[in-house]
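To keep things clear, I will list the structure first and then write my remarks on it.
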């Protein structure tokens, strides 16, 4: 705990320095970066020590606020979430120094860094809070600071401002559900403290209602379908390193809240909770990846992939919940381990991908995939890092995405092999759903990497792109190395930390996880060994090939073009064409709109033509927009109350006061 | 691991590596027989690979290091995948609970790298092939995994080696319908992943059949030899998954078991040849329905195990 | 055991009907389904065969396998159609519906566990699946012939339920139903032929213009 306080101290001190430094832009950047880095290092240290020692620390401030003490707690589950939050923010801060160095941003550098530190500190506070009021206050600070960061660069762009507003409204609507949940809990138990809720077990007015409130409230932040519509708006609009932090770790605070809330409802939990969460997970995963395939904008594509990966994490949580309701140790252990490990893995590779996208954006000033190409030769380090990130998110061995997906797959098989038909059906759904999600994700990233980084450049800006500065590429390469390391060493992670975390979640000490843990460690050890074997074989084959072609002729020429005399870069396959079979097959869900503009030729030479597809988010256009339009229609009828005369407004205030007086006197 | 087990495993791996291209030869001979020709020699795939290994290389100026070294990465990955599949009575080298998923996703790595190398050439032919390849395999993967799950449910174990060892004639007696349906699904996925009719025509690369063949248009010389060998290994791996279901015979004689298993592999290749010669290629828009039908068969098989 | 096999084959024919678009092969598939179901009472009463069961089985196979198929083939040859055109639900959606209906049918089979009364645990799931498939075919296809086929599949589903549960003597009821269906198919075949002569097509959604 002491380390954590040091972190908060460093961050507060940095904010003070930033306010003092004011206008001196470069100094602000460096100070802000150093502050974030050192604070994060201390926080990571505290998280690691808590995990290694399996301890539980609690800290109370003797400050009676609404009848309770302010309390913070750091247990293995919270520590596991603190580590990616601070780790990714650390790397994003290094990246940010270089990203903003020469840029004209909307705010002054000091304000920008103050907001970043506020975001980071509030995320850590949300995870460590053990009291409802502290939690909600930190939650609010997190939402507001990220809102300001989202609209930072939007001075000239209406769509980015709209994106910021959609984000703010969505996160506040979600928070409303959380506030209702916490107030109901306090009404029942008389306190806002999480420990008290766990001991008593919330069940008034109805456990399922409370669970739904928690699911919707935390789900809005996490990005469950259909509450996800703010994600594809806000993440592209924000500066790239903020998108990395938001997508990689901020939405995980929603997952953290959901997992925490499981302990509040008391055991045993009804069966349908787990099944409902599982269904939400599969739907989010499939819809997220389908919409991702249809996107043209790189950052929007990555935002939809966040929805998909949250879906995968939720599938793991759903399996764990089903296990909790049936008291099945295997499902609990495997489901929650897979979900929690995927939280870390997603933070790593999604952060990597967003930083890579930022690097591409920085060099080419272009966000549309169809205008890029051939960037691997011009930006080799970014390209390699993005390739590793793309392979990791597709769940390809030997990288880290495969490890967590394997754990969730194994949990699905365990369900399938059980005697109970309901559990078995869940298992079949898990395996089928995850297989479909994995296949579609691999297709989407083959498209993204293939069109952006290889081939010929499709626009002038891309042919003149240059590699980003080392401060930007080093964080990406660190994350890429981390992908490989976690992929090879999954067994040790599981053996070391999974039992404590799962124990923390399930709180049932009679269940025996040891058998499942050793089986899983065995499996992951083989995966790691296969990865190692792969690298050895690859080295061997490379040496053989080099020896083989030493005396052969190696000639170069153009790509075979079927005899066409003048091949151009525009003749390459485009991203829209790559995605077309998917859009065609899933038309009822995606409803892609095609826009054609053709100028008919009036002589023998062809005239220009234009083709453009657009895939609006189905939840946005079919569900939210009509509802909100209807609401605003109804509210328009009350417009007559707003007419601008100050005297009448004062009359309203006076009337209200008189009514309150009459009501209280009676 | 005792010496004898190590020796057996090494022999089986070497046998797989050496025998894999024969399956392609068998398929070609069967197709030739149906067409009334004598056809290529059985060992023609070997001759092709050796001929290509002796040639020089031509690279396109558009390509990068991904194209040059991608084939070797694919080869390393598929050799690792081969180590997961049991060969008859010989257990696999890499065997653990859940190795099914490692196998399927290692094939996914091969596919990903092939697609990226294809897009690296900057040609629209390769782009078209890549798009269709990722599309059909995204639909075939759930079918494959659900079929393997069905096998796991029938044998109550989920490692390929233990599935192969547990399958016996009693399983056919008890769950015959499920096993038949699962074999159907696995066969359809084999046809899909190995570019056989009715999904794709391995002989041409015209626009109508641009899926697998066209992705490797620009590879030359030793690279192309490696690609041919990888496709032979892929066919071997998929056949090796189906063979224990076809002939689940376990005597204690290693030679007898291995011969039975090999004959199963040959039988599967002959079946592929027969299917290729008697059907036409499906229209591209019908292939998703075909693969979804395979998934429906797998789900039916799983559901039947709960009743029967 | 043979009963099990028969029922699984019936299930597979239903799946094939959901996913196929060619009218000729659909008619053949329904004919095969009818023949299999005609043989079902035969296999159920395998140890106590008598002339009643044999005649019933042969009669059902003849009626469902050959007569209906012949009538329908004649209808499509006259109306000159051999493919379903743009159904209301695409073939992928039909297969997805089929998978969901399969799971629901098996779940219903678990709940309505009749135990000793049914000859095989597969009877209820297969019959419900037949009913669901038949209903889906009637609702989601445009050509009148496909709707007739859907009706036949529906009747097959009900027949499966009856044949698998009740003992042989009540098959009298089934014979009555079969006669009704025969007359209905005859009438429908003639009507379709007449409609196609009048309107040059047998798309049912174009037939709504008749309401004016």
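In this document, chain identifiers A, B and C correspond to the written order of the chains, with residue numbering beginning at 1 in each.
Here is the rule we go by: a contact is a pair of C-beta atoms (placed from the backbone, for glycine too) under 8 Å apart; a residue touches a chain by one contact, two chains touch by 3 or more.
Computed from a prediction, not measured in an experiment: that's the story for all the values here.
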Chain at the geometric heart of the assembly (C-alpha centres): A
Most distant chain from subunit A by Cα centroid: C
Distance from subunit B to subunit A - Cα centre to Cα centre, in angstrom: 36
Subunit A-subunit C separation of Cα centroids, rounded to whole Å: 50
For subunit B, residues that touch 2 or more chains besides their own: 288, 295, 299, 306
Multi-chain contact sites of subunit A, meaning residues that touch two or more partners: 421, 585
Touching two or more other chains - residues of subunit C: 92, 103
Residue ranges of subunit B in contact with subunit A within the complex: 53, 55-64, 66, 69, 72-73, 75-77, 79-80, 83, 94-99, 101-102, 104-106, 108-109, 111-112, 115-116, 118-128, 130-132, 134-135, 137-142, 144-146, 149, 152-153, 156, 158, 217-218, 221-222, 285, 288, 295, 299, 302, 306
Sites on subunit C touched by subunit A in the complex: 92-93, 103, 107, 110
List of subunit A residues in touch with subunit C within their complex: 421, 425, 585, 588
Contact footprint of subunit C on subunit B as seen in their complex: 176-177, 288-289, 292-293, 295-297, 299-300, 303-304, 306-308
Residue ranges of subunit A in contact with subunit B within the complex: 373-374, 376-377, 387, 391, 394-397, 402, 405-406, 409-410, 413, 416-417, 421, 424, 427-428, 431-432, 435-436, 438-440, 442-443, 446-447, 449-451, 454-456, 519, 522-523, 526-527, 529-530, 533-534, 537-538, 541-542, 545, 548-549, 552-562, 569, 571-573, 577-582, 584-585
